[in-house]
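Next up, some structures in structure tokens.
Look at the two complexes coming up: subunit A is in both, with subunit B in one and subunit C in the other.
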Partner chain A sequence: MAVPLAELRRLAIVKHVIYLLVAAAVAVPLIAHLLPGEFEPTPNARKLFDRVEALKPGTRVLISLDFDPGSEAELLPMGMAILQHCFQRGLVPLVMTNYPSGVDLARKIVEDAIDKSEEYLGKDLVSGADYAFLGFRPGDVNLLLGMGENLKGAFQTDYYGKPTANMKALAGIRSLKDFELVIDISSSAWVELWIVYGADRFGFDYGAGVTAVMGPDMYPFIQAGQIVGLLDGLRGAADYEKLLAQKGRGMFGMTAQSAAHVLVILLVLAANARFIFRRVTGKEEA
Partner chain B sequence: MWYKRTIPLIVVLVAGLLGFAHEYVPHPISAEFREEMTTGFRIIGGFGLFIGAYSLLHMHVSRIRKRNPGWAYSAFVFVGAAAMIFLGLYNDGSGPLVDPDPGELTGLGWGYDYILVPCNATIFSLLAFLMASAAFRTFRVRNFSAALLLGAAVVVMFGRVPISEAVGEFLFGPDARQVFPKAAQMLMDYPNLAAKRGILLGVSLGAIAQSLRILFGIERSYMGGGD
Partner chain C sequence: MAEPNDNVSSVRKAIELAVLLALLGVFVAVSLFRQWPFGLKGVALAKSIGTIIAAGLTLVMFSFLYRDNPLFKVAENLYVGVALGYGAVLTWRMALREEVYKPLFMAPTTEALYAALLHRTVPIILGILLVMRISRKHAWPSRYAYGLIVGWNAGVGISLRTHTYVLRQLHAAIAPLQAAVATGSAAALTGPWFLDVFFPFVAALAVLIGTVAVLFYFFFSVEHGPAGKAVSKVGIWFLMVSFGASFGNTLMARLSLLIGRVQFLLDDWLMIGK
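Moving on, here comes the complex of A and B:
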């Protein structure tokens, strides 16, 4: 059955009105730098924060930033918050990425987190001593398995070309078995790969940060204890910033996300109210 | 035909069984085998990259030749690829295979930071507009299942944002700030978890079954010929 021309025109107008409303709902809070009201961090975010908090100063933490610019809005604030937390706690983060297109982004996150942490701590953080940026190595699953045998063999130099063999930041680390905690911030199936080929095999605790759309897939792993804490979408980043008592991109994004979610809910309810009304009055078929 | 059928099947069986076995053998020879396999995967990956690049460029050349609608975008693929390859090879005058100084923004880095990153972010952010429009036009309570889905979606969407706590307090008092977040968390912890676990187990069992079929030569479609 062909859709009448008038109905098509109405739908086109409605579509553009919705686009304008979404643009306003997202842009206004971001431009006005509106912060959300008081809120309680989610239990999964708190678990990850508490796990990092429980590590002794000097502990090496492996952080894998497995995403590219497409997921930057959600995942960059998570990486920033976790790195800053590590520096504040005196931990030694070792950062890597499994995304060749995410290397520059990972480097930027590390450098920005260092700048902010140096300001907070009032001292310089030294590459190769207080942290290491290992960059990207090809190999996917085989890289993980190789890291499980010999991490310095898998990463013979860091991103800046310095040999890792005698690097202070990697002191005491021979393989993945020597890590207490590994955190993966990912927009893809790398979370599952880290669980199957990393955490389950080499016995470290594993925390994850994922995009909101991936969040529901992670719940079986959380219940099974294979993920010790989860940051789920921009809300996860905001939760971590809240626990750190910071106001970063996650927090500033929350007002825009609140407005967009409420707008979508109102739009769906309005459309259904019209649908039900038309069914009751016989203008719409079931 | 034995060299077209039998040899590939033997190669698959032997390589598959070795790949399976080395997972369970904690011996230096096993580790060495994995290293060799890793090198092999990287070489295959290199060929894959070449085939991928060839396929992409071939498709766009074909679009330009046939003057398909939007062919100018295909031409832009070549302009973008050529510009980034040139910037990478030129490397601010240092030439290829020379690492730039740490902290220095090269032309390639500039292209990444100020072209690739905003373009990727823009594409991703368009989802918000499309999802809002699609939800408005298609999400209807036509039956009980649809009503259940709509109810769950509204609770989770609302419970996931901080404003839900203020609304809970406004509607039900200061002790009820967590009513919407807890309802959303409950939906994620129970019905969502049950469904996801079922899917995960089903997919995993299917993957194991399919792997065994390939390993023992029951599934041969990867060799071509429609078997």
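Moving on, here comes the complex of A and C:
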């Protein structure tokens, strides 16, 4: 049955009103700098935090930032928070990416985390000693398998062109088997490739940060113990910031997200109430 | 003679054009006001200009919410072009230059050159074969390279993926109590009984029941009897809950993208978020 023109116009107006309401729900909390109320971080976020916390100072942690600017909103705050946590704990993060289009973003995250951590620690962090940014190497899963045999062979130089052979940040690291913990922040299948070709094969503990869309797909791996801790979407980033006692983009974003969620719930309820009302009054066909 | 609808349409177009020009003026004014003087406020000149362009393109993309328009089309095509160009530059800088050009044409010693030739000649030839797919007539050699890729991936992947996706998952699914304790914290036996022991056990049990029920739902080899239909029904419920969780998370992810863009507009363009 064709929909009358008047009904289409009404729907178009309703659609635009909903867009404006969503825009307002998101923008107003951000403009007003509203922080979320008290909330308890999810157990999966706490597990990752606790695993990082349990590492001894000086331990090398491999962090792979496998995303590009398309997923920046959710994953950048996670990367920032985890890197800052590593620096605060005196760990040595080795950062890489499997996304060629994410190299500049990964470098920016590392540099911003260093700036904030230097301010917090009151000392300079030295590239190649306190951390290493390895950048991108082509090879896909071959790279992971290569890193499992000889990490310095897979990354002969860091992003800045410095040889890794005698780099202090990589001292004691021969392959992936020498890592206690590897963390992947990912918007793609890389999060699972790290399990298949990395964690399950070489036996390190593996933590992950993923977009909210991917979150439900990760729960079987948590249940099986293949992922020791998980950050799931913007909420995951806010959880980690909360555990670090920081107020970053994740925390501020959560207020906007909560407001938008409330709006969506109200709209769903209103639309269903209208539908039921019209059914009861006979204005809507069954 | 002009139809009344034509008059309405032309008036509407004139109004839309006027609104567009007004918005453009507001955008330029706000950009100059907030970002001026360029290069100061601790922000580099290039970054200021880049921020204004990014903010403009973001707003143009949002204009699609009103309706499709020429500016949106321009931005859309610009994105495709820029992404293609960026991809080409990255491929050269991060793959071809580092893995082919530098080892072969900038080798520091003769030994390094020989080593590069030894290790890279075959991969380079295989890479060239892959590129030959661009010609229909000469595409056939690419099959050898693809055959190698498929064979290698199957050989390496089958065993590893079976271990990850089947054996480990099966183990966790058929041993719910063990999995619950394994994924629980070290405090599982000393912490609150309900939260640390009972709840993980029930959750793991739900995973076991869900796995069996969903697998049974997709088992079409024999006709489902009354008991089979009941188990299938349970499987459908688990699937529905799973779809609901995925949809909720998808909504959250899309809102996060909007939040990211609004944070950019407020923090970097308007400089009022920080």
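Keep this in mind: the second predicted complex is superposed on the first by the 286 of 286 C-alpha atoms of A that agree within 3 Å, B and C clash if a C-alpha of one lies under 4 Å from a C-alpha of the other, contacts with A are read in each partner's own complex, and residues count from 1 in each chain.
Everything below uses one rule, namely that a residue touches a chain if its C-beta (ideal position, glycine included) is under 8 Å from a C-beta of that chain, and two chains touch if they have at least 3 such contacts.
These numbers come from a predicted model, not from an experiment.
K.L.:
Touch check for A:Gln257: first (subunit B), second (subunit C), both, or neither?
P.N.:
After superposition on chain A, A:Gln257 lies in contact with both partners, subunit B and subunit C.
K.L.:
In the superposed arrangement, which partner chain does A:Arg249 touch: subunit B (first), subunit C (second), both, or neither?
P.N.:
Second partner only.
K.L.:
Kindly classify A:Gly225 by the partners it touches after superposition: subunit B alone (first), subunit C alone (second), both, or neither?
P.N.:
Touch partner of A:Gly225: subunit C, not subunit B.
K.L.:
Looking at A:Pro216, would you say it contacts subunit B, subunit C, both, or neither? Reply first, second, both or neither.
P.N.:
Both subunit B and subunit C are touched by A:Pro216.
K.L.:
Thinking of the overlay built on chain A, is A:Ala73 touched by subunit B (first), by subunit C (second), by both, or by neither?
P.N.:
both
K.L.:
Return the chain, subunit B or subunit C, that is in touch with more residues of subunit A.
P.N.:
Per-residue touch count on subunit A favours B.
K.L.:
Quick check for you: in the superposed arrangement, does A:Ala27 touch first (subunit B), second (subunit C), both or neither?
P.N.:
Once the two structures are laid over each other on A, A:Ala27 reaches subunit C alone.
K.L.:
One more residue to check, A:Asp200. First (subunit B), second (subunit C), both or neither?
P.N.:
Touch status of A:Asp200: second partner only.
K.L.:
Once the structures are superposed on A, label A:Phe136 by its partner contacts, choosing first (subunit B), second (subunit C), both or neither.
P.N.:
A:Phe136 sits against subunit C, while subunit B stays out of touch.
K.L.:
Looking at the overlay, does A:Arg51 come into contact with subunit B only (first), subunit C only (second), both, or neither?
P.N.:
Neither: A:Arg51 stays clear of subunit B and subunit C.
K.L.:
Kindly list the residues of subunit A that each of subunit B and subunit C touches, one partner per complex.
P.N.:
Dual-contact residues (subunit A): 19, 22-23, 26, 72-73, 101, 138, 145, 212, 215-216, 220, 223, 233, 235, 257, 260-261, 264.
K.L.:
Report the residues of subunit A in contact with subunit B in the complex, numbered from low to high.
P.N.:
11, 14-15, 18-19, 21-23, 26, 36-40, 42-43, 68-73, 101, 104-105, 108, 111, 138-140, 142-143, 145-146, 149, 160-161, 212, 215-217, 219-220, 223, 233, 235, 238, 254, 257-258, 260-265, 267-272, 275-276, 286
K.L.:
So in the complex, which bits of subunit B are touching subunit A?
P.N.:
31, 34-35, 37-38, 41-42, 45, 99, 102-103, 109, 112-113, 116-117, 119-121, 123-125, 128-129, 131-133, 135-137, 139-142, 150, 153-154, 157-158, 160-163, 165-166, 177-178, 181, 185, 188-189, 192-193, 196-197, 200
K.L.:
Write out the stretch or stretches of subunit C touching subunit A in their complex.
P.N.:
65-66, 86-87, 90-91, 94-95, 98-99, 156-157, 160-161, 163-165, 168-169, 171-172, 179, 182-183, 185, 203-204, 207, 242, 245-246, 249-253, 255-263, 266, 272-273
K.L.:
Which bits of subunit A are touching subunit C when the two form their complex?
P.N.:
16, 19, 22-23, 26-27, 30-31, 33, 47, 50, 72-74, 100-101, 103, 136-138, 141, 145, 192, 195-197, 200-201, 211-216, 220, 222-226, 232-235, 249, 252-253, 256-257, 260-261, 264
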